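As written, the chains take the letters A, B, C, D and E, and residue 1 is the first residue of each chain.
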Amino acid sequence: MQVTEYKPKIVAFCCNWCSYAGADLAGNNRLAYPAEVKIIRVPCSCRVNPMFILRAFQRGADGVIICGCHPGDCHYTSGNYYTRRRMALLFSMLNYLGIEKERTRVEWVSAAEGAKFAATMNDFVQTVAALGENKRLEDLRCKL
Amino acid sequence: MRKIAVAKLDALFAAMAKTHTVYLPADGADGRAQYTRWEAGVVYSTALNTVRSAKDFFFPQTENLMDFKMEGKSIELIDTRDEGEDFIVFGVRACDVRSFDVLDRVFLAEPVDSYYAARRAHGVIFSMACTRPAETCFCKTFGIDAAEPAGDVACYIDADTLYLDAKTEKGEAVLAALGLEDSDTAAVDAQKALIRERLDALPLSGLSAAAFGGDKLDEYFERPEWKTLSETCLGCGTCTFVCPTCQCYDIRDFKTNTGVRRYRCWDSCMYSEFTKMSAGQPRLTQLERFRQRFMHKLVYYPANNDGIFGCVGCGRCLSRCPISMNIVKVMKTLGGKNV
Amino acid sequence: MTYRQEPLMPKIGVVTDIRIDTPDVKTFRVVTPDGKKAFEHKPGQCAMLSIPGVGEAMFSITSSPTNTEYMEFSIKKCGCLTDWLHAMEPGQQITIRGPYGNGFPVDTEFVGKNMLFIAGGIGLAPLRSVINYVRHYRDRYGKIDIVYGSRSKDDLVDYNEIIHEWATDAGVSVHLTIDREQEGWDGHVGFVPNYVKELGFDTDKIAILCGPPIMIKFTLQGLMDLGFDKTQVYTTLEMRMKCGIGKCGRCNVANKYICKDGPVFRFDALDELPDEY
Amino acid sequence: MQALTREVLLDRAKALFADGTVDRAYGWKRGEFDYDVTPGLFRSVEEMEKEFVFDDFCGANFSKYLVEETRKGEGKILVFLKPCDTYSFNQLLTEHRFDREKVYAVGIPCEGMADVTKLKAEAAEGIRSITAEKEGFVVHTLYDGDKTVPRTEGLSERCLVCKSKKHVAYDELLGEDGEVADSARFDEVARLEAMNADERFAFWQRELSRCIRCNACRDVCPACTCETCVFNNPNSGVESKAPVTSFEEQMFHIIRAFHVAGRCTDCGECSRVCPQHIPLHLLNRKFIKDINAFYGEYQAGAEVGSRAPLVNYTTADLEPGEAVQRGNEHA
Amino acid sequence: MQRIGVFVCWCGSNIAGTVDVEAVSEALKKEPGVVFSTNYQYMCSQAGQDIIKNAIAEHKLSGIVVCSCSPRMHETTFRKTAAAAGLNPYMVEIANIREQCSWVHKDKLTGTEKAIILGRTAIAKVNLNAPLTPGESPVTKRALVIGGGIAGIQTALDIADAGFEVDIVEKQPTIGGKMAQLDKTFPTLDCAACILTPKMVDVAQHEKIRIFSYSEVESVSGFVGNFTVNIKKKARYVKEDVCTGCGLCTEKCPQKNVPNEFNLGMDNRRAIYIPFAQAVPKVATIDPRYCTMLKTGKCGVCSKVCTAGAIDYKAKDEYIEEKYGAIVVATGYNPISMEKFDEFAYSQSKDVITSLEFERLTNAAGPTAGVLLRPSDHKHPKTIVFVQCVGSRCSGAEKGKEYCSKICCMYTAKHAMLTRDKYPDTDVYVFYIDVRTPGKAFDEFYRRAVEEYGVHYIKGMVGKVSPQGDKLMVQASDLLANKQLHIEADLVVLAAAIEPDASARPLATMLTASMDTNDFFTEAHPKLRPVESPTAGVFLSGTCQGPKDIPETVSQAGAAAAKVIGLLAKDKLTGNPCVAHSNELMCNGCSSCERVCPYGAITYEDKEFRMPDRTTRMRRVAKVNEAVCQGCGACTVACPSGAMDLKGFASAQIMAEVDAICK
């Protein structure tokens, strides 16, 4: 009997200097994580506009994760501090609107944390998969 | 003329719903009346006006026109129109009923807009006389009689009885199928008299549109008052979106995951980017856009449509404009003593 | 009863040929997938072309109705959709609907008249349809003068056709001009309005103007100075339409909808409209 | 009833016109009825004498108009500012949106402004006239005689939770200045926070689904003065004109609230003008409440030049995950 | 519309093992804009690159997508390949199908599917790419060093030795800074003056170095390679070039009661003075706050005794504008004020002193000629209590600083040791929280103080110092013995925390260099770029960046110099073309972007715009300095109107990527 497993769509924004390198390291070390995760490279986590996150949900993403350098380690000194504030407020707002709070996450992953990257993605995919499809913040037209 | 007890309204709507989808004003979560699809439990609201007008039923805020699928160099066009369903809009006020005439003259003029026409063909209008017109009402200005609303069936309601008067064959057919009790016209006649008395007592009852019309372009176009009138206009679309006769639209494409959906949505001539195109912008300032809206209702529309005005005096813009600017103020400012 | 004919529903068109006219103008040949003309039209009418997902816009049909095989559109690059069209390769499908607008009164008021066509830049596009129509039914019309100017020689649209077909026709005089001196150009140099005055036409004809607003303004003045009456002069207004069927509320000047009542106007009628075009 | 009368304001305006301090003035214009006051620009004392009003229906805030108007003409513009208006006035100055030198600001006290929709709800249909009496607003109706609405029930929501009766900007002050109030403006936000996610989603669906995208909220908002709004910009990726799907409604309001986060002065105009009565201020207030809780008290517009929380940070800020958690715990 | 070529790399079996490369290149052929798609064993090999080059020429490609390893690996390689074929290098996008696909997914079907999506995403992005060209700007080959302490001196010397001109701006009349005030230096105990003054002389004599002493930076404009700095030379009322430094005036001046700041007010100087004997430049300065002539117009003694005729009472502040390619901040530190630490009775007793004052008391050139005498009665102190961490490591930071001042442990050990060495009859107590000695030969030094010199180190904090008669009653706790101590001391020395000089904050504003909450300058990267400020062209030397001892300061000063030399050695600076860009038609001028920019790359200008209604109006709009912008994108999100976008990572591009992924 074949069961089609529900596979969430995950968009991961990774900063070029830490998290994208961390993802590369996960690859170098062959640390597996689900293929549902697709990474978009941005120079810094602070490049991620809340509009991109909403866009992802509109287009059918089930979860969006933003990865950046650890606070204090930003290649641009302060970028991830702004990310932290923006996302704190945005996520709090999404939660306030009743959007499942587990669908969004910010995680700090350094270039050395290949294992953390893989573990984070494994956990995030699992969490989102448990929620099921994103229904509250979707644009049905996209699924035509 | 037929009648039914107000207590039996639910049964009436249920009977209508067997053959038609029924929409009627019902009080929403915010306490204001909105057209709602009738189902058991929905209670008819006698509130004077819904926030949104009844034009939505024929000219909805957004509607899909067609889909395209594209692959390589080829395009496939998919006609997504469906047959549509028969529906009844119950409780439409006289002003909104007139607005359908106004819209008809746009959408049913050649070439006929098939989306609108299909809805119009499927819709049956049950109008409702206004026993308690508000201070913002001025339908009389445009020759509309709230005591004698048009539509397929004209309705009158008092404390315990709803009277229904078929005005068209379509209306008569629907009424006939409902098997209602016949009624004499005495109660309705009395109500009409009361309504007319009340209409005459309204603060705007003296407002006259005689100073306006299709031949008045030169008289009003260059008037300096446009500046002061439009100066604090925010350029939002509230007036146009609550207006039962505003019919400007935009056609837009939405990229779906597999193709393109072309849809139509309301647009507003008050919006700064309404007429912006790559070739330029003919109405540059809010003054021009503001003037366009009111000239259209009071001059351009009558010029093209046998003198019928593009306003029906429903008063929605009077109560909804964020800065309380509205067509009455425009008419009084421009028309002076003649208004 | 449902209306199945929907004016907003386009037809599919295939671009079979793309001709580079000037650095920013290309001419596109369009037929339906089965190789026919999408629809018949009158000179001066327009059609709505679209690439779904990119945009829809109105363009003059530049080919003459007498062309039975295809339609042509000369399109200047000036925005999102036109960028896309210019990047296109033959074989690409587009959508097309129309015809829209009133067109020129070629079969009524123009019949038997001498014709003067005055165009600037891409303004030749809508006139080309009329010129070729008039040339096709040569005997129905009198003498034909064509004054056409552009920034430079390279910016003259349809140069080859003008030189090799129009200019060689009997009873057709072509007067070309460019704005500034240019190597390899021995024709007239100067702006169109001045050239029209220099040429000093008799008033025994119908004049049709199309070009940038400033050119129209001064050329019209020039014609008035030459003794023309506004009832003898026509123009076609700038494209500012969306639906093409007089319903969306954009293109009206007072109560006239350019897409329905225009785009061709006689100047005496234009005079009655407020200056909002 | 307002503490100052029309005449006091008018006299001051006349004097300022007379001594050449100003050559035009923003003020409220009399409407058709007692309540439909229109903001307007007066160019002379005569115009003001004819049409200027000041009463309980003068809620309109002129700050936003200054962005455009200060770019025109040479002379100064007189503007009357209620205490809450001064916050948006300052916020616009912080964002360099107009030239302070072109404005002569007269602070006026405010006793709260009426919300005519509340009075209309009371009168059902037909208001002949409204007078403000000691006991409240007396609505003279067309059909049901006089109805008295207690003042607190007739005031705008924003006035009932007024955050300050103290002006934070003016060139001169007429009347007495009040105090910054300790208002209960976050109670409603807290009530929503106390719900579970499903309830909150249902609440917002019900509210936002009424949106007709007329843009009145945006166009009246004193923080929304962008030269080109992202929703009007075809290149922004979010341009749209209609709430085609429930997503569009949500996105419009989330993005709008986010764009004014840390800049919103909580003037409440968005909710007042919404033809569908969507409580939009609850979105903005959520941001304000969060900002206060996460990053310390901050009131946009309280001070010219203050650094908004979203263009600031500390190394010890809380993590987004914690923020969501705390957002839930507020209740 | 682009003409895109897609090149799928097998990477041997690294990719091809888990991804069906053939299927990927086939599938991507159908994507919009793609006109060519192929796969090859090793795209990065010469043969692979040739495939790309040939395809660019043959298919007139306007953009290419390489599906291969991480862009961090070979993006540069493929950009160069594209450039070699005449395609703008920024028209290349990499789809990472190795590290982020084939290496982390085992199943071939899954891997292939994901590789197609990643390729599609890169194609969606490249469809919106635009050719980018890095900007160039010239470099002014001169450096400015702000601060003439040991950090500034070392940096200046190193830069000048490399052959570049250097100007030093020092706000005091002499260079030398804090080190000039020290007695001996730990852990070697060599005399500070002996090692510093030769360097000061080197500076004075270096033909590439100019010293602007008694001067301050007024304003800074420009950007890396092109700074324009306005320097205020305060009037010293003595012509620098005429004064011989003979010092006669400083002996004859009748105004004798000016607190001598060089000795921290522990003795007096004249109104005309030379701070110390080895001052550089060695010229006198008139202190206008005390000079009778300047205040009342009556006196003129110095002028009379000056044989060189150097005195000029009419001197005015001078302003000099100079251009620099690089700026080094070396503004140093000061001990914090002891005012708030009343428990130590600093303001009540002259015999409670700071460590820096103790340095002067033991310095041969100090107020007591190097003999340790109590300031109050000039007696030898018999019992000395040293208190460490005064104002350092304070939690809450209401009074002091949260950080460790780093140098106090070592200099206190030095003071204790030297005291015991010179005056063995003295009892020396040191109260500490921790003793931190992580430096070369530091711990050995500290242990010698304890073990050889018998200094009493007590773990615990002094609770209160109360003057009683000529004694200071010290109340303290001994945490190890868990008991209260009462010591009758003659002298109490407070190891005051150090803080950045007050001039640093306004300077940081002028430089748009960022600071932390303690007003220390922030480095561009705490680990990897420790001597650079985030503001390009601004470098950090010494304690302006954080507490440091002399060896650390000198090595950092050298490092900063090396960075400056590296910058000045270039004739032109080539920028990163992926920088922010503001669409001025949409810009509100609201300053949000400027506030989040860590580099000060954004400025505003008033610009006249033609409005659609043919009127014009002025508007304030943001301008990005492309030479300074590093391309982080913080501004793009701060901008409410969306006027600010980032080249190479434009919003439209990122959204296209999002769309492609979510399809």
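Basically, a contact is a pair of C-beta atoms (placed from the backbone, for glycine too) under 8 Å apart; a residue touches a chain by one contact, two chains touch by 3 or more.
Source: prediction; values computed, not measured.
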item	value
Neighbouring chains shared between chain C and chain E, ordered by label	B
Shortest walk length in steps over touching chains, chain B through to chain C	1
Partner chains shared by chain C and chain D (touch criterion as defined above)	B, E
Identity of the chain that, by mean CA position, is farthest from chain C	E
Distance between the centres, which are taken as Cα means, of chain E and chain D, whole angstrom	45
Between chain A and chain B, centroid-to-centroid distance (C-alpha), Å	46
Geometric centre distance via CA averages, chain C-chain A, whole Å	53
Chain B-chain E separation of Cα centroids, rounded to whole Å	68
In chain E, residues with contacts to at least two other chains	596, 638, 651, 655, 659, 662-663
Residue numbers of chain C (touch at least two other chains)	80
Chain B, residues touching no fewer than two other chains	250, 254-255, 257-259, 267
Contacting chain pairs - touch in the sense defined above	A-B, A-D, A-E, B-C, B-D, B-E, C-E, D-E
Touch list for chain B against partner chain E, complex	71-72, 255, 257-258, 281, 284-285
Residue ranges of chain B touching chain D (in the complex, touch as defined)	28-32, 34, 47-48, 51-52, 61-62, 132-136, 198, 201-204, 228, 231-232, 234-238, 240-242, 250, 252, 254, 263, 265-268, 271-273, 318-320, 322-326, 328-329, 332
Partner chain C, residues of chain E touching it in the complex	1
Touch list for chain C against partner chain B, complex	1-12, 52-57, 78-82, 89, 91-95, 238-240, 242-243, 245-250, 252-255, 274, 276-277
Sites on chain E touched by chain A in the complex	70-73, 96, 98-101, 103-107, 110-111, 113-114, 117-118, 121, 514, 522, 524-527, 534, 578, 596, 598, 630-634, 636-638, 646, 649, 651, 654-655, 657-659, 661-663
